[in-house]
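Before any comments, here is the structure.
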């Protein structure tokens, strides 16, 4: 079963990369972005480094220099190629990376197939981590290639456009009474996976609060813009105000104005901004300013998680398997929170910090999450580029407050209206 | 009484500036630092802008351009002179600023003296805010001139050296059982002052924890350095590791190595590092790395505040009135937490974020705190440069994680040892 | 004849690009470098813009956006894609560029074949300029891909290594009496091509001087380094001293030290530095410092050109047709100046400025040379990557004083020893 | 006589600094600018280092650290304080620098008075160099404080305004036949001073040329601006075009537009731009673009010097002794070249390079000029801030092509009209 899961995860990466030419796969359009072929190689390096190196009988690296080229940030593994220079490495090419992947796959399948049960049980968590690691890079691969293609005046599309779902429906509020609640992943003992940063499960005190039942739409964002949203300092965090002025932000990241009409670059081409779709590719600063303008605020991550656990699932989430490659409109309300998982990662008002009692793993794997716990904000939910199986209520995504190239959006929150809390 | 308090606060600023020449008062040694004469003028501008402008009968600005020159960051008040250029403004000179201050003082005293009780009651909070604002700048004035003088090869001192207090004593741990606690300033109704960011008082759930009863010392820091503290990536947050390598940090900010001996620049001159004194002028990154090395962590701001309220005062705090201008050693333990208020601002592990239910004031005054709530960490306590009356358990100071020129130090924290919690 | 010349020049570009993968052709390793496929497209754009657009019967651009993407710096032609971003354009890919080239070739051959003699005579100079423009980019393509490959830890080679020619031989000096001499290309009337910056031919007064009969070698450069050449400020221009310290230059650009041995990255792989070969990939600053160290100076461009006209050709020059892709050793002297054309472009002490009476052409073509006449130094001769037919005595190449990625070297000059001048 | 000359030069520095407060004297408004008190100290350091240190009987530095603080760029003298940080050194203050100056003066006068004739003869050239060095800094002191005061919204003036001379008169052209001419200072043997960069006198071949008989005026510059001068790329050097767009240059450096009217910051306050005055504070790039627009060119330095030697003096030059602190209008033509010495330094088209046969002096003094011979353009003449006795036909001033804070202007040149050359 681990072998079929392995095959499935690995194949999905190649499926996502398939529409991209060798040249597409080579480009690094800014330091935050990695080339497609680097993603494809790095996730293989992960298995080679953290599984094969320690458990293969006669281990030898596929290629000595790959050790150095495809390390992302693991200091404990040794020196690594400078991140902003990933795009200057033309070789190994896209085809060579395919050979590297095939080699790792053969050896991984051999290894897994040949392990006794005891060793397999010990090794399975690392292999499982490798699956989730690869899924993160599947999402990043799509976010990154979106940026690469966005800079091209030829306006290439990654995939054809799908129906985007019609009306966003009316925004309603759902109220929660809070109190002493439990936050964090239930347990690793139940066999479900989580990252170390979702642990330990712990208690938090929440005041009564309420959440909007869907994401903010482009139409609502246009109203914010029309009301001087990007020109009124009183709405902005100081860092945000500085940033939007230095970098001349006047609209979401991928919006382009042509003859007075706003268009949006997407993975399915460049289209007029649809007012019913969720606004996306906004920074935390913009999300926070919008909330101020609306007289509301962003949810904390604890509020979000608490509510997400209380809600029934509302139909299939708009994740990568839907192949929309873009947020869909919220549609008619079913009574539950809409768009919770999928569509856009939702900015929270919580800084990305360790949970009480957090301990990171030993060794290089311990660098996975903990060391990034400064100067970042938590996002919750998932997005249209998230692989299915990679979204859950306790998942903590994080980006710096100024990041705009990830597929981000926002859901409004507010303190509860006194005496109205239904739960 | 408001008039005598006014006179006292204002006079203290001039007393602090008195040892500084016109040239000293002109220099801005980096963008974070402001010239002494700018501080002296800006705090006067605050009273002119937020009190006199609205309440003086025939108000006219002392000098039109001062409105522009001495605004710090209030967007609502209009455009302002670029912060990094404060040091290129030679005029008004130090003496002219004195004349400006005297003028504002006369007018403020006239105004306060002439108000009826009703108006006074309404205006008093803003004037009180002006006092605390000026006290913040008194502290900054000292931190800033310390940086200015540190760059001078002549090694000038601001003041003569005082006795620094002997031994740091043994570090002991104090345990707290936590639970549902209240955090934040009690109330504005009791007549005591607080900033808006200390409100509202609210509940938080704390797990059992313990705190070191004194600050980390230079001697302990030297052991961290000797153990490769600045060269071991596994101890550092990722941003911190990048920063120490980019800027070649190998010791606290004001430390200088000469022929193998560490010296420290202080406001009282350059002296060999005293192992009994608290380590100071460290960034949050360094504090966090030290805590990792020690197998401990930093306290959250809620843990710190909760403990600070439970403790009895331990003799006079080492604030600016002690005229040590530098942290003092912890001395023998009295059983309470030592060095809580004074000596060094203590880094916490808490990001600077709004308390649940936080609302900032209307108008320009509302820019005082809220808009800085991103990318900063909270510090608690006070330091040797803090004016007396400006330290309290609920006070939230904040700086970016990389800031080193403020007078910062650290106190270790840890989860409680099971079954040992006394409270 | 113009058609066969056209075919020959165009084919040579494709021949040079043939060993490079689509990924290789995509990378821009620094702002000065352009991707191979960009070079291939840009030289086609030149013919499309400056020939086809004005003379083709029913002209339409091959692709609208190419107009924008493949303009290098012609302001008069309209806006252009930012130079440092050439490497983020994955599409058109290498194959698409091939289709673009084939289309332009067909149309150019049709156009040339269909012109009457009068029109052809009028158009021929622009087409001829297109040939020389493409040859310049052939040379740049090689210099650029050398840089791209140099950053790859896999150390890929562009081509196999050839014999590099043995001994450099003894350095001898040749003396010239100077006086009132003529400099600049003879005339465009004689049918030979030159760029506008080689005109007009004009008089200059030269004092008696002498030139080294070969280039400075790696062995001589190692002696300079061993004598503290990179650590002695008195040898350096002020800008050069600042630059080598900011960027930590301690050897020529492509040199790498491994366990105390110097290696050199070349287009044929990474090899130990051969002391008999000319030193190459040095900046003007380094060339000037070396000359100071040697008690000599660099030649002026007029001295170089005057001498180059007096000398007999000394066997076949080491240009691109030799397929060495690297400078060769000087070999035994034949009595003439060795290595004049080919091997390395030679830095002169002359700033790149207009000749007296210089007039640039009208229109966009006028931007070809004149606007670059500031902050650059002249180089003369040619190099191992220069296409044959692209080197001549009056040719003025130019780069900023700090440029190191071009294939540059140096020849020493000196004032004549009194009474010894043979001419 | 050397003692009275010494006293005179030194007193003039103090006279120029007298109107400036201690705060004025402390500010460094950009890296190119030095604080007034730094200039005052550095010129004293020059005498201390290059005269007293080697010739005073029991030499000891006035203050050890001054050796380090007041070295400008002499690598051979040892390490020095970083140039961009000159403005963070509040101490020594302006008064302390006065004490330093007085001490050096006493010791210099003692030394000069006590030398025997032989030693004096040997030492005199270095002392003389010290005078001219101090005069250069007198000019820089004024250019620098102009920049400092320009950033102050209070618009302080250095001195009161004088009459600026009325009409610029008609621009006429004077023609020169050129040929084999001699350039450079006549000789050091005749007892007149020159810098090493003015030597050796040597021959150059000049083609017939002509020069405008006065500087370009503000009125003419306004016509250039009105004709799109700053928006037409075809007029600009490539580096210039990049620079004006990056830094948004749309007018000369100190021009400010207020409600559609152009004002100019000067040392005598801010005044409406006077169309009769010479345009000033323009970069080489702007001068070159103006000349292109006018269908003319800039003179070479040889053309300028040759003409300057042929011309009779045209009344008193507008140098610093005139106390205008600003260029004056050209006034009615006397037939000679107007405004040759004084008013504005005139950009030439010549790069700053060594004359044929140039040799710099031994030791630290050798760093005076030669090492700056890259990436700079030559200016000739003098300006309204140049001390009298510091302007001569062979004087070579130099600045980078983008420099705008020096007092620069331009005079047009052209090739001679055939058959009209009078000489």
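In this document, chain identifiers A, B, C and D correspond to the written order of the chains, with residue numbering beginning at 1 in each.
Criterion: a residue touches a chain if its C-beta (ideal position, glycine included) is under 8 Å from a C-beta of that chain, and two chains touch if they have at least 3 such contacts.
For clarity, every value in this text was computed on a predicted model and none was experimentally measured.
Engineer: Going by the touch criterion stated earlier, list every chain that contacts chain B and also contacts chain D.
Structural biologist: Chains that touch both chain B and chain D, as defined above, do not exist here.
Engineer: Looking only at residue numbers at the chain A/chain B interface, is the share used by both copies over half or under half? Answer same or different.
Structural biologist: same
Engineer: Could you please state the distance in Å, as a whole number, between where the Cα atoms of chain A are centred and where those of chain D are centred?
Structural biologist: So the centroids are 59 Å from each other.
Engineer: If you average the Cα atoms of chain A and of chain B to get two centres, how far apart are those centres in Å?
Structural biologist: 37
Engineer: Calculate how many whole Å lie between the centre of chain A and the centre of chain C, each centre taken as the average of the chain's C-alpha atoms.
Structural biologist: 47
Engineer: Two or more other chains in contact with one residue: find those residues in chain B.
Structural biologist: Within chain B, no residue contacts more than one other chain.
Engineer: Write out all the pairs of touching chains, ordered by chain label.
Structural biologist: Result of the pairwise touch check is A-B, A-C, B-D, C-D.
Engineer: Along chain A, where are the residues that touch chain C in the complex?
Structural biologist: So the residues of chain A in touch with chain C come to 21-29, 37, 63, 65, 68-69, 81, 85, 87-94, 148-149, 151-154, 156.
Engineer: Within the complex, which stretch of chain C touches chain D?
Structural biologist: Going by the criterion above, the answer is residues 73, 75-76, 180, 202-205, 207, 233-234, 236-241, 284-285, 288, 349-351, 353-354, 356-357, 366-367, 371-375, 401, 415.
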